[in-house]
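So that we are looking at the same thing, I have put the structure below in structure tokens.
Read from first to last, the chains carry the letters A, B, C, D, E and F; within each, the first residue is number 1.
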Amino acid sequence: MPARARCEAHRRAHQPRQPQHDPLDDREDRGRGPLGGVARHRDPSRLAGHGPVSIEGPYDEAFCVPGLLEEIAQAEVEGFDGHVIACFDDPGLDAARQIARAPVVGIAEAAMHTACLLAGSFTIVTTLARSVATLEHLVHRYGFERRCRRVRAAEFPVLALEEPGSGARERLRAEIARALEEDRCEAILLGCVGMADLARALSGEFGLPVIDGVAAATELVEALFGLGLSTSKIGGWAPPLAKPYSGTFARFAPR
Amino acid sequence: MPARARCEAHRRAHQPRQPQHDPLDDREDRGRGPLGGVARHRDPSRLAGHGPVSIEGPYDEAFCVPGLLEEIAQAEVEGFDGHVIACFDDPGLDAARQIARAPVVGIAEAAMHTACLLAGSFTIVTTLARSVATLEHLVHRYGFERRCRRVRAAEFPVLALEEPGSGARERLRAEIARALEEDRCEAILLGCVGMADLARALSGEFGLPVIDGVAAATELVEALFGLGLSTSKIGGWAPPLAKPYSGTFARFAPR
Amino acid sequence: MPARARCEAHRRAHQPRQPQHDPLDDREDRGRGPLGGVARHRDPSRLAGHGPVSIEGPYDEAFCVPGLLEEIAQAEVEGFDGHVIACFDDPGLDAARQIARAPVVGIAEAAMHTACLLAGSFTIVTTLARSVATLEHLVHRYGFERRCRRVRAAEFPVLALEEPGSGARERLRAEIARALEEDRCEAILLGCVGMADLARALSGEFGLPVIDGVAAATELVEALFGLGLSTSKIGGWAPPLAKPYSGTFARFAPR
Amino acid sequence: MPARARCEAHRRAHQPRQPQHDPLDDREDRGRGPLGGVARHRDPSRLAGHGPVSIEGPYDEAFCVPGLLEEIAQAEVEGFDGHVIACFDDPGLDAARQIARAPVVGIAEAAMHTACLLAGSFTIVTTLARSVATLEHLVHRYGFERRCRRVRAAEFPVLALEEPGSGARERLRAEIARALEEDRCEAILLGCVGMADLARALSGEFGLPVIDGVAAATELVEALFGLGLSTSKIGGWAPPLAKPYSGTFARFAPR
Amino acid sequence: MPARARCEAHRRAHQPRQPQHDPLDDREDRGRGPLGGVARHRDPSRLAGHGPVSIEGPYDEAFCVPGLLEEIAQAEVEGFDGHVIACFDDPGLDAARQIARAPVVGIAEAAMHTACLLAGSFTIVTTLARSVATLEHLVHRYGFERRCRRVRAAEFPVLALEEPGSGARERLRAEIARALEEDRCEAILLGCVGMADLARALSGEFGLPVIDGVAAATELVEALFGLGLSTSKIGGWAPPLAKPYSGTFARFAPR
Amino acid sequence: MPARARCEAHRRAHQPRQPQHDPLDDREDRGRGPLGGVARHRDPSRLAGHGPVSIEGPYDEAFCVPGLLEEIAQAEVEGFDGHVIACFDDPGLDAARQIARAPVVGIAEAAMHTACLLAGSFTIVTTLARSVATLEHLVHRYGFERRCRRVRAAEFPVLALEEPGSGARERLRAEIARALEEDRCEAILLGCVGMADLARALSGEFGLPVIDGVAAATELVEALFGLGLSTSKIGGWAPPLAKPYSGTFARFAPR
């Protein structure tokens, strides 16, 4: 790797119920500008100004993708060299790969590929039961059904992780403990952006790899950048054909 | 994928508990208008007024789904008893199932389920090579990889089917003939809305089932309606959780 | 498997090329008699007069198939336009498709295809543990292993469902409740003809689709009929080659 | 499938608990007669006196199974210690396992298991194209889809193998040669009883294992016998439950 | 895995072209010595004089394979007609097949193939939890994932089986009992050489096939020998190409 | 497989907690020597002084693994922070993961994981036909069978790539061209270390990602290092149990 960061992650997060949080902080702190070679985290809740404050199923996903694609198109203009889709449903991944020159990696796929290099099997722990079906679908889509023992829900709202006394961390730990005993898994994937900060501590506590998808995806984008490779454009991810779009989306029409 | 109008909601309704209803009316009226209890095809290019004029890949798909979901929500209000997503990529299927009270069927899944009841194996013939990856992904997602011999592209723009002298019908026939010889398939699926009218003629010509997804989906929606069943709401298709959406999509926020 | 009557041919017909036919008759007459153009349920224990009184495994199945095929051949002569094999083992399905002009649907396959349009996953609840292996085999044969969470046996004789005080309905409910909790399934398939009448009530009680295969197969046969399609005859379901049969079965020899 | 005699029971026996038994007798007597402790091949066309003269698809299969089961029941009474179902469709295998005390092996499964011990991959060569679907189904049922490269039909009637000047052997050789080149297979399975005698010569000629299912199944039955093991009776192959059978099949009712 | 002696070559031979050979000798002499035409078990811990005293994972396996291959090469020189790799990890199987003229069978693959002829499903019971991953990998490699319900560890050192009062046999029985109840399996495979002597007694006790891989592999090698077939040499198991080896292994260089 | 030296350990290290370390140095020093914090490629033919000069199948592989493990153990002592197994058969991967503190990545798995992030499907092009079976096995083992279209052999000895006038590069290009046309793949994996230098040029020439496993594995090891994660030690890759090894391998006995 070069000395300077050159594989910026274009990533998003939610923190939906914290309107007082200043998105600009996020931008200033992590990605100081459009300079080549600098990673950054966009304000997760913005989605180019339109979309759901959080992603909790296919309906939310449908309305987050246009904004996500707008963000990615903008980051391409600014010269970023890689994109991370920082939602564990990997929304918009195929469409993003159609329009990006730079590699695009989803955090769910990143976590699963990483797990396979470190463990014979893994279990995913997410927050809500309603997310299990979506994640099982991704496991199957990416071909990891033999490595994934189970997708589990710890059943607490993600923001509770940051609330003292909410018991959320205890529930997460309890679910991981259950996974170790019942699933005989060799690694844990944190199936939610909000759990990311806990990965290192939990790895130590439980004595096995606990993987945060955002960090994994950022590393994998850098790896792809280091290889000088980008998305294949000769098949399903070929650039969109030029055509008119009507109404609200007219400005997104491929040229 | 057709060159025009692809992702409309094709819906139909019965008013089942009205035995005085004349089924023949139902057939005649199919596609006519927005009256309750009558099937209809919306103008495919409208998508509630915003979206691409045709669906030719994931990027187009991303921008057709919001309009599609708006159409479906509107049809629910009008009392339709079933929804057909009349684009062979089955866009927005999961999200539509979250918000609809009535059953929702995609035309690709419909064509594949139908084929399995009529043939030991099938080949899908679509228009453009770039659509093959998307359709292979659907085949896999729905679990039909053992029944689907191959996804083929006849390589012509869909509108050419309607242009005399374009040679498009000849290419389609030639591709079906190749499929019969090379794939040893027992049925053909027309992987495109624009080919629908040809299904019956081609079935006769080639002596095997040639399946049009729109007709298949319409029949399957009626079958589900006849059973009095609708989408399960206890897992991945549970209704969206209430939350704010920002900007353009604020009015779509789940309540 | 039911304790009685399992492998009858449940067939229905439309006389499609007679536009003056009144569809309402068709509905009213369903199940009434052997008249052309009318659906009917044969006495399930007859099997053309020879065979087991119930189907509870491959040995019973072997001796039900000749009678089943005789029934289907007879119904073809009478002009029926579709056949339902009303035993959840789908016995004789391939052979029936070889000899029938009209579409043939088994109730297990029908229930599974239907479930996939309504739910992300399903569990099958049958009566006896010995039937589980057969049903698991069908799940695999049809390619639904990713959708089927489990095949369960409620462990009671099917006739007990009709006996007050037998506790059978309670056991069935208890097994469904266990399936919901342990399997995280989104739909239930009643793996037995004898449970059919309970489907609607159980759907309401448990708040998810509870699917009866006989109703599902009847609807799917109608859907195929509506599409004007029948079984592909160019592969594994080609008509039997002419040859002599000896002894008991001489009269069944293909001509 | 052979044009003649396909679905016989090919059985052999040892009298295992008689240590004074001379194994050489066993080998010499193989195929000789119906004496206990001696292997034999029944006249394949008899099927206890009723059934098709050959098995060429599911319909023929349906009418061969009752006679096959009668033969197996009779052989059990005579004290045979193993059964080979000598038709490459493996008809009646599950039902036979329900009623036999001794192990039962089908020649298709035997050929496939044997091939896996000798080669990384195999191709099956059968006679008629209409048999391909059935054999593909068996490959899938037994779980050998990753080892089986392809099921091919040489397209000649089996009896032609014995007719000088028919060109059948040349066609078989040509199909094997095509399999070696196009399928990159490492073994050939002769998907038909009538080809059995050719296996050894073809193995030498083509320089790879060419496997005859009848010989393979006979060896595997002996292996199971040598292990002192028989079919598990605690699941799908439990003995049939007692119940009445009506009409023609009354005498086959399980007791 | 056993605590001692695991990866020996268990080989047997017949001298097939000597009809005066007495098969009974073969049985009596089984395991006695290195004479041609006689089966034998080498001292499992020898491995041609170098290697681990037991095989308990991939690292041990890596250091047992050179000695195992040396043993097999020597047995080929001595005229043995078949080889059994008597360690349930099937170490060195591919390499052994490259260098042996006679067929080679691993005891894990042998046990699984045998189980499939006797039962619809099976569970493997091994000694230590650390062996589970290796065995799951073999199940998958051989394509038996649909037949194998689970790989279980009884968690005791194999030598304890021979120590009175160790409680090991009780633990093994308890694990088998759990497998029967929880896995709904129809056969048990003893995933360890040290358990071999118990197979017959456990089969009787639990009323289902309990399979010892060493016996199964020996029978299968005899079956292959009886068929006159050996390993295909045209693909992945072609003889090694001539080349120099350096250092310790110079004498093993293929010529 | 290359004609020379293939199974060396290609390792690199970072000394991560030294922020003053300059990554650019790292690049310059890559391959230079055994200093901590510097990546290196060992002389591929050494294998700690014993083993085959090239790896062309399982037999060669068996004799390369002890030397490979010795190299890895030595590199651990020297403080390297990651290991690349630079042979496209990924030999000794499981054993290496048992003994290494630092992450271990094989170049075949690395190339496949990388391809999945860049392309919907890929084809592997190796040198000799005999390597195809081994690579197909790896594709299956890692779960990439749906992404891998085909494993192809260009059929030339690897050293020919470096010989002017050998025609090897032309054959490689021709095979890639065939893959693009016949396999409809979206990326190419160079299944051989000797082809590595060509990857970048071929990517440009053919307009799709052409992936070299050595570079891919090096990047992935760095990514794992960057995440602060190493191999899970609680399952199949737990450290070897202490026990004596005899003869040649005594010094490798786990302690």
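Methods note: a contact is a pair of C-beta atoms (placed from the backbone, for glycine too) under 8 Å apart; a residue touches a chain by one contact, two chains touch by 3 or more.
Just so it is clear, the model here is predicted, and its values are computed rather than measured.
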item	value
Touching chain A and also chain C, the following chains	B, E
Most remote chain, CA-based centroid, reference being chain C	F
Euclidean distance of C-alpha centroids - chain A vs chain B, Å	30
Approximate Å spacing (C-alpha centroids) for the pair chain B, chain F	45
Centroid distance [mean C-alpha coordinates] between chain C and chain B, Å	27
Inter-chain centre distance, chain B versus chain E - centres from mean C-alpha coordinates, in Å	53
Chain E, residues touching no fewer than two other chains	120-121, 129, 132-133, 137, 140, 145-146, 184, 186, 235-237
Full enumeration of touching chain pairs	A-B, A-C, A-E, A-F, B-C, B-D, B-F, C-D, C-E, D-E, D-F, E-F
Contacting residues of chain E [partner chain C, same complex]	120-121, 146, 184, 186
Chain B residues touching chain C - in the complex, by the definition given at the top	19, 23-24, 103, 105, 109, 113-114, 116-121, 142-147, 180, 184, 186-187, 200, 203, 207-209, 211, 215-216, 219-220, 222-224, 226-237
Residue ranges of chain A in contact with chain C within the complex	129, 132-133, 137, 140, 145
Chain B - residues contacting chain A, complex	45, 47-54, 56-63, 65-67, 69, 92, 94-95, 98-99, 129-130, 132-134, 137, 140-141, 235-238, 240-241, 243-250, 252-254
